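Questions regarding the structure given below will be posed in turn.
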């Protein structure tokens, strides 16, 4: 834990005047936001989840706002890494900030395969490895649930990649500090804390869940204290930078996550409501620090 | 012509009324949107400026615009917390409005038939200004939910018979000679739209423009939250739609997503 | 998952017209609430955590309200099981509803020891075994983090007890369904889902945590979807009744937890604000069902 | 006599004013409380009736009562979200009030000295009605935070010198002949109370009644959230206190709990 008196930060040899990154899945590849003039204050965009093959995603409903949060079950809809390397990344090269590509896989090897293909593009600043997605070989249990698997995935990505990468942990699988250490043992250059929490909404009148699969990813600004606790635990356990992700709805939250041990802070759901959230947060945080 | 980039701006509420007991009509000042919005496009309105909830905005169709006054109008029903809170917005207050969003109707020349169910007719006033509407068929639960204003040549049906014929809008459609119209605009609850689509000769479905709805998070294309089942995968309601040709929609798959 | 059309429920051979139980640590032994006339609608009171020896508890601050939640770090302050058997339970015998005694231990054996001593009192309807508390032998890691430990604790309590008991899981340690199955293998007669989430608040101006130990137990009505998901997962995994605990702030929440698979629902933090919450919830739920 | 059981009831706000720029004074109608509350007791006021936040009530000292009008008064400073929201409560609105809570002052006969810092003086008006106050020493940041009303025979100090002498209330205490008073009531920020307690001859600390404060969740004794370090373990501020004899408090341990 530390006092926060500046917004300067650095990641992978680069320094930034803003700690705000855009989280995966809520900013695309930054192109729409760039058109809207909303990339001011953005240190880096983390892209939507990229997989080997194109994925259509889950049947609707895919998003469902609850009283104090948001459920999502997108199913990693994306056009696949080939299309992304060919069509999307070249365009993303014109953004005023770096892009970190978020990657997912159905198997341990697939992560490395996606990364190898991304190595063919000059655009990515680095990668974010989403080990929260379901491991097909283990009956859909998340890769992130087992530190040994996380270490193996990290090591596979490490050998496939010339670029730095962060491993994005899941909060739904025990001790994140332990998993973070496993990721670092495998070669991770940062840890993202963390992906969405498993949540569910059921209609008591019908006995049916709101989302077809029952559980979905849940985000809420009220989860901030859980993320603060995990960021702190992970930052005490590992030497690499911690990228916080979860619960930011105002500048104070940003500063609190930095105080807890985050080098940079990602903003997800808030951007859906406020496309220019990064600039607004940066401005407000600057005022708080003055 | 490049599509206008959506703008996020604070818009002042300049007029609010309840044209029907269950319906709210709000007019906001936002000159750029009033100038650029086309029929069938929508806006994402932030329910409250302060506080973390609701976390997402609420999508509402642009019902009409007045470019000279620099205003646009939305018409909506209070169905849940978000629309209820928005309905309490007072004249002189501002809300952030992001728009125009999505692809609207292709406003082609020829004779149009409009078919709307409930709030589905919200967008018809603006559409009626831009195309040649020969006839409008409207259905609603009751007279208190029937949006006739701004629609030419209305025939209507209500489920309780409180206005027009008693029954569903599909009954009105049964008498339609589909060859008479060059274009059809269809907007309403999914079950109603599907029933209507089934009455239309399959060969003419490409001339039916369906204004779709889906739960949305962003409204501007990044979250992939607003999937509409299409014949070739999913379309995004917010950027591929909301107006989608009826023959591109996978009606069976879409119906299955109903609770 | 099921439609909910009635508030009748049953636990351990007893039927109840209300599914509302008062959660551990927010209702004492029910005596204060009884004096205030607030036990209407309460199916059972779960007592504050009882330990072998008296515990003074943690230094203040012990509670800290955040923007959308409540942190607590009470440290299981309680007068110890001997005092409770002698002084408190006899008084609690006059309550209009049964009392379930919540027990904690520093070691696996201590749980059984506390239960044996409670067997000397005719008052308890059953026990709730709080495996979220720190395991002294394992450096303070929670007992609940390891399903094998949970099974052993359950088996020890089972052999010490003639009464039914529930095992109250922690949400901070991986798959609750697996832990629930372990608890049942050890002999548990119900599963309580779940204890508080680890949360933390840090003051970014000073770099110091609000609570002395850093992390604390976090409760918030916005956590409801997480508890709904866990109640569902556990109720699918085990045959014993699931007692939901967490996130209830209105009657709809109660019904949703029942729809997700809970037989009964505990109310914690809400009682701190509204001592008569149980009666209010029961009345509102009845109206919703009408 | 059995202690009165606290009652949770909706109380109407009948009067609200800002006696000082930074201070709010609210009067609620709640006859049972007006009748039974004794000096030093407090109430737990629910900040908003609707909505889940704040999750806990806010503890405020009963500043005064008017049993014939059936009202009681609280005096507070807006320091955070809860007190700010409560301060916006309008006349005619109601809030749930739980009380009376805690053990108040032992209102013994004899000569009393009251020593208060900031809002610590909030409870002195009621105390002054029930005991013989010879003198009141008050300290505050500035004149805008100084609660003189209802206190007899005030000497005061402000940190900025805007009223009374410039400095801390401890300076005023230095001149006190503690033998002159049979009882002392002490209430204010912990650092101030500790400094004052250090000036008092240890042998007389049993006659000093300290009105303590702690973060609270319930306020009625069940959550164990409100520990005050005492010489023999912890006391619960809400039911063992808030008024506690100075010689029972472990001042060193208490000070260490400050951030």
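A, B, C and D are the chain letters, set down in written order, and residue numbers restart from 1 in every chain.
The working rule: a contact is a pair of C-beta atoms (placed from the backbone, for glycine too) under 8 Å apart; a residue touches a chain by one contact, two chains touch by 3 or more.
Bear in mind the structure is a predicted one, so any value in this text is a computation, not a measurement.
Distance from chain D peaks, on a Cα-centroid basis, for B. For the pair chain A and chain C, the distance between mean C-alpha positions equals 33 Å. Once the centre of each chain is set as its mean CA position, chain A and chain B turn out to be 34 Å apart. Centre to centre, using the average C-alpha position, chain B and chain D are separated by 58 Å.
Along chain D, residues 52 each make contact with two or more other chains. Among the residues of chain C, those touching two or more other chains are numbered 67-69, 203, 206, 208, 220-222. Contacts between chains trace an open chain of neighbours here, each touching only the next in line.
The full set of touching chain pairs reads A-B, A-C, C-D. Contacts from chain D toward chain C in the complex involve residues 5-8, 46, 52-57, 81-82, 96, 98, 214-218, 220-229, 233-234, 253, 256-257, 259.
Those residues of chain A that touch chain B in the shared complex are 25-28, 32-33, 35-37, 48, 56-65, 67-70, 72, 74, 77-78, 203, 206, 208, 212, 219-222, 249-250, 269-276. Against chain A, in their complex, chain C makes its touches with residues 1-4, 66-69, 71, 145, 172-175, 197-209, 214-215, 218, 220-226, 228-230, 232-233, 252, 255-256, 258-260.
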